[in-house]
Amino acid sequence: MKRAELTEKILDVKREKDLSWKAIAEEIGGYSQIFITTALLGNMPLPKPQAEKAAALFGLSASETKMLSEIPMRAEETQMPPQDPTLYRFYEAMLVFGPALKETLHEEFGDGIMSAIDFVLSMDRKEDPAGDRVVITMNGKFLPYKYHEPRDGAQASGAHPR
Amino acid sequence: MKRAELTEKILDVKREKDLSWKAIAEEIGGYSQIFITTALLGNMPLPKPQAEKAAALFGLSASETKMLSEIPMRAEETQMPPQDPTLYRFYEAMLVFGPALKETLHEEFGDGIMSAIDFVLSMDRKEDPAGDRVVITMNGKFLPYKYHEPRDGAQASGAHPR
Amino acid sequence: MKRAELTEKILDVKREKDLSWKAIAEEIGGYSQIFITTALLGNMPLPKPQAEKAAALFGLSASETKMLSEIPMRAEETQMPPQDPTLYRFYEAMLVFGPALKETLHEEFGDGIMSAIDFVLSMDRKEDPAGDRVVITMNGKFLPYKYHEPRDGAQASGAHPR
Amino acid sequence: MKRAELTEKILDVKREKDLSWKAIAEEIGGYSQIFITTALLGNMPLPKPQAEKAAALFGLSASETKMLSEIPMRAEETQMPPQDPTLYRFYEAMLVFGPALKETLHEEFGDGIMSAIDFVLSMDRKEDPAGDRVVITMNGKFLPYKYHEPRDGAQASGAHPR
Amino acid sequence: MKRAELTEKILDVKREKDLSWKAIAEEIGGYSQIFITTALLGNMPLPKPQAEKAAALFGLSASETKMLSEIPMRAEETQMPPQDPTLYRFYEAMLVFGPALKETLHEEFGDGIMSAIDFVLSMDRKEDPAGDRVVITMNGKFLPYKYHEPRDGAQASGAHPR
Amino acid sequence: MKRAELTEKILDVKREKDLSWKAIAEEIGGYSQIFITTALLGNMPLPKPQAEKAAALFGLSASETKMLSEIPMRAEETQMPPQDPTLYRFYEAMLVFGPALKETLHEEFGDGIMSAIDFVLSMDRKEDPAGDRVVITMNGKFLPYKYHEPRDGAQASGAHPR
Amino acid sequence: MKRAELTEKILDVKREKDLSWKAIAEEIGGYSQIFITTALLGNMPLPKPQAEKAAALFGLSASETKMLSEIPMRAEETQMPPQDPTLYRFYEAMLVFGPALKETLHEEFGDGIMSAIDFVLSMDRKEDPAGDRVVITMNGKFLPYKYHEPRDGAQASGAHPR
Amino acid sequence: MKRAELTEKILDVKREKDLSWKAIAEEIGGYSQIFITTALLGNMPLPKPQAEKAAALFGLSASETKMLSEIPMRAEETQMPPQDPTLYRFYEAMLVFGPALKETLHEEFGDGIMSAIDFVLSMDRKEDPAGDRVVITMNGKFLPYKYHEPRDGAQASGAHPR
Amino acid sequence: MKRAELTEKILDVKREKDLSWKAIAEEIGGYSQIFITTALLGNMPLPKPQAEKAAALFGLSASETKMLSEIPMRAEETQMPPQDPTLYRFYEAMLVFGPALKETLHEEFGDGIMSAIDFVLSMDRKEDPAGDRVVITMNGKFLPYKYHEPRDGAQASGAHPR
Amino acid sequence: MKRAELTEKILDVKREKDLSWKAIAEEIGGYSQIFITTALLGNMPLPKPQAEKAAALFGLSASETKMLSEIPMRAEETQMPPQDPTLYRFYEAMLVFGPALKETLHEEFGDGIMSAIDFVLSMDRKEDPAGDRVVITMNGKFLPYKYHEPRDGAQASGAHPR
């Protein structure tokens, strides 16, 4: 069984039972809707208690339930960049603003990155008479680049693991 | 003169005068630091009053000043995906969470996209004893997909522009 | 079930019943032929009343009918650029005239884009003794780029969401 | 001298003289603004009378003037797909609607293509209280595919040129 | 049913019945062997009378027969460039001689292209004591590029469709 | 000196002296216009007597003249596929008809290729009241694939060079 | 039936019957082991007498046997470059030594290529106390490039087929 | 000034002064040789005290010295995968062992990654009578994936930033 | 049977029997866990005694057991670079440090490579109060590049195999 | 100075002095012509005594001479696959015969590769009345894959460096 086949089955049941992601997330509980959706689509593992609730909801076999909790090969079949317009806009924002984000991040925090692992992401709706707005918040720990210190007594060139 | 050459000149002056982006943005004024940095790096035009301030700051010629206000060919030489680790993380977050963002957006707002044009983006620092965090907020207007209505009396197949 | 499999089924029934897209669009109604064709080929969702008519026409199951109304992953398996000559010409026109369209758009409307979301498209036949002509009209709302204004009291660099 | 260098010079003079494409097109005359812009950007040759007017306007040498009238290597350094958002939308519209355009074209005209050579393209502004709209019209001659007829007395397999 | 599956079936029957393309083309009749082979391989539609003869020859169902006459998505799964040595040579000839063909075409005919739509192609055997030669003749209508003329009274920039 | 720089110089002189390829080929003599053009554009070496005539015509230095006779790195900077419409059509014809050409070639000649080395190519104009036609003839020696015969007394697996 | 499926079947039987390529080549006979292996893997046709022996060995149907003798679409699904380390080394050797081979070939033989069609290839084991060596010998006919001679009386530019 | 030009200058001085990386690293001091080499090649910033020592060693201007301390666009012009055989082997090891490393990492540490930012790397020589060995040690902090917890009172779907 | 299908089956049984790679490696024995995992995932052959133990553990047929010991087409379907974040970090480390590793390797060992064939790789956990660390050790034999010596009496250009 | 610029200079002098690679290799001496040509083209370092002879022959500066002996970034700007027909044939031979070479190598030598590092390559001319033949011999040491043995007392999964 491939993880993509399990996703296809989940989407089939979701369609047949006329479930929303919101209802699914409430039923499974414990994590945000974005996280649970990401997991059911195959880019995050679902912790066991949640996987069991998902199994009940989607009628999964024991093996399928277990697969839901396995750490997946993330983004395995994803196009880069994606051609779907909704997805593409997220990348386009980074094409345009990414270089300035890098400069700003370095000036404010120093050399390093915003972690995409110790990272949470939320989406909110902001009402606006000129048209409601989508607000996506990316919140990642700043990770400073480690600079290698010299290694005493090392014969060859090399960095010193602390 | 190519826009990339002007960026190179601006970065040379920034280095020689030991300027920070923050100081540059305050000096130029009128727009956020992210916007001004994006413009100086060549992905946004700088409005004329700001371009004149930038000209004074960076010692630009009249022609260079004018180029700063031209609408640029955005992201022209940008790698997709980028190999710089700081930039790559922004794209990786979208590889992992993009599909769930799409599902959530559609469930909450219906069929459409978060605009990357009527769009503002900010970066903040959030202090945290476990390590400060980078918070990036993307705020774009929701744009619903327009579905074509039939065109009366049209001979051929086609959609009706309202 | 994958959306591509549903498209294949629809094309099989269309072939067996000897239906034209024009007849299909008239039967389903409510939207232009281009829109309905796009939806049946998997790049637009079909609104529910239309999906029910499509279900009757193509003999679809309840689940298939529901899938027709789901917001799809658009252009998922499309080649860029396409190798089919009919499709390639549309892209070639943009290769040749795209840069001038960008300059003209900016000079006439300012900085921004022609929306591909608030967008309708039609195709007409124009009779011509030297050979009839295909006329494709793209009609999209102009969306001006939003420039970030400064955020008062903001500690870090950033743009201000209105 | 490369054609791209000539384009760069033209854009430099345009900037220094503060010319609009509209003014340039009126000064050069004889062809639409889209055509003249396309030619000055290097994707079309400029007919000689127009090239001479362009030479006067931009201060070109005899050799540069002549190059303006040479048939260029079109779209030579163009990215496919482009990353500039304004350009990208033109391609995205084709990603979403291209397959339906192909079906509609074939049903209405038969097997063939919309020529991108015997082709004119215009852009108009359509006022709209909800936001003005960009209207792009592509108008190309329908070219039917030629099917080979058998060749009498031909020894090998082959098609018969009429 | 996908067009590629129909091609696979046709090749299976051709193998089982020990048919040559020459015999197939004679049996189906009406068009050159190159055209009929191209159609059976999925890059051209087969006109109905020919499709019926093909159906009898290959034992096709009504739906398969109809599919043979549908205008296909041409070259959909073709590699560019191909890795098969026989196919690669055709592309290599264009890599080496293409630029000179373009120059020669423009000098002889003016600005335009050799149509690949109003186009016939034949292959012949030319006996030669030093080794027989393959002669491929490409015969396409010259299509002159259309240059946009100005549009009277047009408000926006644009080209005039005749 | 790079070969591309020499091509650029030759095109500059051609432009300044207002030469046609036809006149150049007649002046240089000895080979077809297609061959001489291909050589001057950098995809073929020009034999020494012709290189000397070219040197006189274009005012080349001794070193440049010698470079003209060197066997070049062919098609070094050529795009595959090309985006210029005139060039693209040559490749498109092969996308559509290549598979049938391969089948026909094998049925008529057996396993092998049409050589692109022992190969000549010509372009002719064919007058036609419906529009003149471009006729390109590719003429290459058929090269049969060599099948390895066993090697007597060979220890390892392997083919026997005759 | 696809050729790749036949290869998969052959490899299944080879595994079940515990056959070596050496034993297979001896059983089938008439050609070198490299050739027979290449044919069974789908990159060469197997001559009929050999195909019949292969059919007996692998238990093939009449149609499968025939397919073994068909001229295949060579290297159809091969990665370029390959990621398997054993295969990659062959390409890497060409990356490093290819340019010098080209120079040496041209200096020794003149303008032309080493044919990959009139070509045999062998692999031998060379014992060496420092570790046995793999010796691969590529033996291809030198093919001189043909330079076009002028065509008398030809109106248009063109090369003369001899 | 581009960072790549500074690297070229540093390599020119290194060559002229006949310096080894080991001697350079000892002269500059404070960090491992791998780190200093990485910084001088443009993939790490050199802290200021070290940049000043580098400036003295390589005869850099004040602006060049400052650039050495700027956080660079890392790996900007690097090929992926590289074609240099020494570099390629590092990637090949990951092609072969990467999947098992992922499985092992997850089983031992749970869901997460080995950081490439809080990361040190060393190279050592290990003497071996059968041929000395290169030992590369990658040492990165394990970063566990953060799973989003639900956000109280949040209206829309979303993850809760802690 | 394809190797990827066997991997899928092994992962299915591993899931159903709730096995860890550690337990699997202990049960199969004789080789490191990394090696056994690599082999079961299809990038290394499993020696026969181990393959038999694996067969018992996973319930494999004789043919599947044999396939486990076959030398595979390594990394056949692997993305380069991978999009899974855990895998990507390994490549990113090489993007950043690869050039310095090459310089250091050459300075310490001379011209050559770290073998990826005579190569072992281990992963260890290093406890650290600031967060445990992943330590990956790559250990490969240094292979010096062989420089060709002249070949006596050789007529043509060439290198002398010792 | 870039290595490519030095190659360009060497080729300029070679052209001006009318030198053959054979004469250059004899003058420089000590290594095969293939090796010396590869080094002068930038894919191998030239040992110092040979670099000094090359310096005298080509009139190189001290710094250029030193660069000739530096270990280069091999194949840095090489196309993969190459479009030059002479180079392409070497890759095509591997596309067709590579899979069988892999099978034969493994059956004869076991699991491993033919080294491309401990590797020599020669080219010879073989006279043949039917046309002389190019014979390229690749001679590389067989390198067996190392299989990891278990590591005693190791806590984590891992392979044991011997």
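A, B, C, D, E, F, G, H, I and J label the chains in the order they appear, each numbered from 1.
In this text, contacts are C-beta pairs under 8 Å (C-beta built on N, C-alpha and C of every residue); 3 or more make two chains touch, one makes a residue touch a chain.
All figures in this text were calculated on a predicted structure; none of them were measured in a lab.
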Pair joined by more contacting C-beta pairs (A-B or E-J): A-B
Given that chain H and chain I are copies and touch, would you call their interface same or different according to whether over half of its residue numbers are shared? same
Separation of the C-alpha centres, chain B versus chain H, in whole Å, is 28
Distance-wise, how many Å sit between the C-alpha centres of chain A and chain H, to the nearest whole number? 25
Between chain A and chain E, what is the separation of their C-alpha centroids in Å? 46
Interface hub residues of chain I, defined as touching at least two other chains: 21-22, 33-35, 37, 44, 73-75, 78, 80, 83-87, 92, 95-96, 102, 104, 106-108, 112-113, 115-119, 121, 123, 125-126, 128, 133, 135, 137, 139, 143, 156-158, 161-162
Which chains are in touch, pair by pair? A-B, A-C, A-D, A-H, A-I, B-C, B-D, B-H, B-I, C-D, C-E, C-F, D-E, D-F, E-F, E-G, E-J, F-G, F-J, G-H, G-I, G-J, H-I, H-J, I-J
So in the complex, the part of chain F that touches chain E is made up of which residues? 20-22, 33-35, 37-38, 41, 43-44, 74-75, 78, 80-82, 84-87, 89-109, 112-116, 119, 121, 123, 125-126, 128, 130-143
Going by the contact rule at the top, pick out the chain C residues touching chain E in the complex. 8, 12, 15-16, 18, 79, 83-87, 104, 107-108, 126, 128, 133, 135
Per the touch rule, the chain I residues reaching chain J in their complex are 21-22, 25, 29-35, 37, 44-45, 47, 71, 73, 102, 106, 110-113, 115, 117-125, 137, 139, 143-151, 154-162
In the complex, chain D residues that touch chain A: 83, 85, 88, 92, 95-96
In their shared complex, chain I is touched by residues of chain A numbered 1-2, 62-63, 66-67, 70, 73-76, 78, 80, 116-117, 156-157, 161-162
